[in-house]
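Order of writing sets the chain letters: A, B, C and D. Residues in each chain are counted from 1.
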Amino acid sequence: MAELDFDRRTRMLNAMVLIRVFEERMQALFAENQLAGFLHLSIGQEATAVGVCEALETTDYIVTTHRGHGHIIAKGGNVDAMVAELFARETGSCRGVGGSMHLTDPEAGVLCANAIVGASIGLATGAAFSSQFTGSGGVAVAFFGDGAANQGIFHESLNLAALWSLPVVFICENNMYAEMSRQSSQSLVSDIALRSIAYGMPGVTVDGNDVDAVLAVTQSAVSRAREGDGPTLIECKTYRTSGHFEGDQQTYKPAVEVATWSARDPIASFVARYPDLDLARANAVASRRVEGAIEFARESQPATTADLAWLTYADARREGAST
Amino acid sequence: MAELDFDRRTRMLNAMVLIRVFEERMQALFAENQLAGFLHLSIGQEATAVGVCEALETTDYIVTTHRGHGHIIAKGGNVDAMVAELFARETGSCRGVGGSMHLTDPEAGVLCANAIVGASIGLATGAAFSSQFTGSGGVAVAFFGDGAANQGIFHESLNLAALWSLPVVFICENNMYAEMSRQSSQSLVSDIALRSIAYGMPGVTVDGNDVDAVLAVTQSAVSRAREGDGPTLIECKTYRTSGHFEGDQQTYKPAVEVATWSARDPIASFVARYPDLDLARANAVASRRVEGAIEFARESQPATTADLAWLTYADARREGAST
Amino acid sequence: MTSTKYWAAVNAAIAEEMERDESIFFVGQDIGAAGGPFGATRGLMDRFGPDRVRDTPISEQAMVALGTGAAMTGTRPIVEIMYMDFALLALDQLVNQAAKMRFMSGGHYRVPLTVVTMVAAHTESGPQHSQSFETWLGQVPGLNVVWPSNAADAKGLLKTAIRSDDPVVFIESLSAWRTTADVPEGEVVIPIGVARVARPGSDVTIVAVGGAVAIAERGADQLAERGLSAEVIDLRSVSPLDETTVISSVRKTGALLVVQEGPSPFGIGDRVVSVVCRNDPRLLRVRPIILAPPFSPTPFAPDLERSFYPGPHDVVKAVETMTGALQ
Amino acid sequence: MTSTKYWAAVNAAIAEEMERDESIFFVGQDIGAAGGPFGATRGLMDRFGPDRVRDTPISEQAMVALGTGAAMTGTRPIVEIMYMDFALLALDQLVNQAAKMRFMSGGHYRVPLTVVTMVAAHTESGPQHSQSFETWLGQVPGLNVVWPSNAADAKGLLKTAIRSDDPVVFIESLSAWRTTADVPEGEVVIPIGVARVARPGSDVTIVAVGGAVAIAERGADQLAERGLSAEVIDLRSVSPLDETTVISSVRKTGALLVVQEGPSPFGIGDRVVSVVCRNDPRLLRVRPIILAPPFSPTPFAPDLERSFYPGPHDVVKAVETMTGALQ
């Protein structure tokens, strides 16, 4: 693996730290009952988000899941709008009607987060079709979990993507759990990358806590896709050190497992590998960014005026007709 | 492969010939407008049906598809009731309300034929669950096509069956076409048995026109299942020499392909392998059986009196409530 | 005007729109090389090439997901689900994704997706190949649902559907496949949500959509022979549903009959009766009637199927009951 | 009688039935070791073991298919689909398979399958975690659909559902999760298809099911303070739907209001209005009203969600409009 240059390393560290600080702040706000709805955090999984998105252009697409804050931040999403959405403000990414599980950011190439397990896979395949069809050269990435890999849409989409050589990269974040259920209770196959064989597609398993490694495999998959050689399935083995959602007591996690993975923290390992990186500075910058976003959100109007009809249909519906 | 004893060979020949004669007669009747609905024939695929079902007990279950006549006959289904169903008679397998795509035969262990591509796979998995749960020692077989292997239910069911070691055998009849579309236009993976890897399940590809070979692989899969070692995916490579449904002009089939496969006719090959078999007699017996069934059907009442409410619900529904 | 078959009108609408707009593509099972399982798409792949007209694997979920993701990113997909019965496999994609994507994104995305599908009632196709779910989809905010009863409407509504920036489900009736109608040449665009008075009348209002319109019309013919004048309203669109046209007609006739192919509960009939009754129950000078099949799956046996769906004679009987009550 | 929480009543019904009948098993996501995503199934795996209470992968299609195939072959499956929104993934299995299997087999097979699922309206769960499809399923011949509003009904209806030889969809309301009711000890079996007069009254009939019943009742309380007597009917069952009880009530009150959590078109309200109106439009001395959310997906923002669903004040307003019209 070629050593990353300093600017890139700094950018990647900053991104991972921004995700971490963002999520830890949201965690605290949620505990204080300041945020409504569900909050699914990806603490411990930051290297996957950043390694993958570092290999993408702004114009490339990503589609993510209920656990998507990290992916969207890594893709360059607007943090003010994200926090405002969690606060259910008019200025939120989705004008306050979506919430954490539906964040979006068209300017950053984020199609959507999605609350249906597996949905990201099919939607990204569709976005990749558009790129191929229009010849835009764009690539689409689907983020999804180990649990999602047992959904029918996984199978149908990967088969179609391979068949039509669509420019899509399937990123399975195998964090060893689907809600409170261990991955080993969901499938006999622990290396999900193996499933690529069923579609005639390359598959690779990578240490999802090693941002360098994630970047490298994603880069090759993205070039393959861009050159018209079709999709790749990448499995990133990682771990969420937070709960499934905030409020989860996590009694199902063995203490030794938590300890092992905490010792493999992606940010700490990255900084340990490259001692010239300035973690303190990254933390300070991220904190300022997140506190600024919280302030922005708090000063924004609550989403109480949304025009639900306009949000539901782009074309005006006929008067005198029942909606 | 151990040589089959004479009685077994004769039984298998008789079964294949009965299927062939049955279908050719139905084809003729359909052409004369004597049968309603759709007719999907499996002419050329008889060895799969017979090889698989020869490995099963009557109490084992099968679930089949729109192209299921052969499977049901091979499983010992009631031919009178089948023909009567095609004729839409009260005495039909489904009292005339199902038709060719919904044939059933509880006494022969036939759950159902099914008109939704892929459905047989999930239903057979459920039947296998019952066998495991009650400890009956029964095995369930799902028949399905190459086209069905690209449905989500294939993926979800095979994963679940492997995970729980369910006693089910998945028989994919790869007849190279889904309707008018070649298998190679549906997936990059031409050996569907490969997909077993994705579930940690054994997979095997066999010549589906060789009834001995089909029997042998099914026997091992069935013993595995019965012993509690879980499911197997068996891919039978075969060819339908008839159309997708009756009325199909089959312009999509290259002449050389048709010729090659016709030369590999499963009945002719079987007789050629075992010259002591009496094809003429088998044909005569089968013709009598089928003509008898046609007579039975013609003499039966048309299905005009069915109690639709009773057919729809086993429990009586409340009076004064809207159905 | 040219006399055109229903299926050919569908074919022409797709061809003309694809000619007009390069961002349109069309995917489905056997729609390409084979020209469609029932011949409706013949010639399209030859004309527009395999990039724009593609055969898919049998993967209904992925097909609609593909359409949704593609529609969000600058193309205008047409996705064919062969029979509406198979749409059940793709409802997460259609309802949880396509229909809500604009809303969930706070209005940032549009989903100009057209899903074309066919109802095969009346064709001896049995319990899993005869269903229509028009009112399910009509209940979903974010979707439009149209169901033309004739070739002219098929062409005009499909063109509008393809041009819509919202997802539209376009339902075809196999029972109408070979019927012909005069279709204007070239540009025919029919707005979504406007019913058509298929036949003016004064004694009773008969409302129907899709395949049931032909039954209503034949019933009206027979009623005319009996000296009864029925106004037949072809809704054309299930969502939005043209309440104004229905209410005006009932205001005139005072009697309402709905004919439908789907089961009674929560069907077209319930909505139409509810719309009229909530407007003013006194508009109804006689009890309204819904003609729907018995509450069971569709039986295969041709004789059973014939008596399963309401027929013209049922229309006559129902109207006679109503007018009898009026005397 | 014991004062019991809604979720605990569900738990008790499953436990008592599993105790009674060894052919029952229960599968779902995180129902076993974790005790259910919302705690409703805690203790069941410990009590009945991992063979009878099993966690499944996230594979909604295969889960319901498994239940259907198993129900045909001598067991009585209970399958939990966590949120009703996810049932969209399994509708082919539920509608094309489970509901029709008895019919398609000419009555040879029974399908004693119970599907348990939850509606999370009113809980800030957003567009993909708030939907109910009760009227979709209520339209399907072969299915029964029940939706208890309180703990006692939850227990009694779930026990009946599990014992039914036909597939039953049992809907729970997350909004009622922690409400308590007096539940008789031991055997409580409530027939499917019988509505409950939750509160007798004489001025207006208010019909609701599931989570909307609490709104109707709170509205009725406020109406009582204003001297108006509302009869609240809790349908309990969407299919079959108890027409008799509804019609008798409207015959008495002459005024009908329906409160629902689902979108207006083709919903509970349309059916109830249609049932009454087809029985006799003159029963309605005033225009009936349906209170339903606006035609959009459920917004996440708590303030928006609160005004999205009809509330008690909307009930009061609607009834006042009706009684005003009566004067």
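Please note the rule applied: a residue touches a chain if its C-beta (ideal position, glycine included) is under 8 Å from a C-beta of that chain, and two chains touch if they have at least 3 such contacts.
If you're wondering where the values come from, they're calculated on a predicted model, not measured in any experiment.
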Identity of the chain that, by mean CA position, is farthest from chain D: B
Between A-D and B-D, the pair with more C-beta contacts: B-D
Gap in Å, rounded to a whole number, between the CA centres of chain D and chain B: 39
Distance from chain D to chain C - Cα centre to Cα centre, in angstrom: 30
Whole-Å separation of chain centres (CA-atom averages), chain A against chain D: 35
Chain A and chain B, separation of their C-alpha mean positions in angstrom: 44
Two or more partner chains touched - positions in chain A: 94, 96-98, 102, 114, 116, 150-153, 156, 159, 163, 185-187, 308, 311-312, 322-323
Two or more partner chains touched - positions in chain C: 57, 59, 61-62, 85-86, 89, 92, 96, 103-104, 126-128, 141-142, 239, 241, 265, 271, 295-297
Interface residues, chain A side, partner chain D - complex: 36-38, 88, 94, 96-99, 101-102, 114-118, 147-148, 150-152, 178-181, 185-187, 252, 302-304, 306, 308-309, 311-312, 322-323
Chain C-touching residues of chain A, taken from the complex the two chains share: 61, 63, 92-98, 102, 104, 106, 111-112, 114, 116, 119, 121-131, 133-134, 140, 152-153, 156-157, 159-160, 163-164, 308, 310-315, 317-318, 320-323
Parts of chain D lying in touch with chain C, wherever the complex brings them together: 85-86, 88-89, 91-92, 95-96, 99-100, 103-104, 126-128, 133, 135-136, 138-142, 239, 241, 262-263, 265-267, 269-271, 273-274, 277-282, 284, 287-290, 295-297
Chain A to chain B touching residues, read off their complex: 150-156, 159, 162-163, 185-189, 194-195, 197-201
Footprint of chain B on chain C - complex, ascending: 29-30, 33-34, 37, 55, 57-62, 85-86, 89, 124-129, 264-265, 294-297, 299-304, 307-308
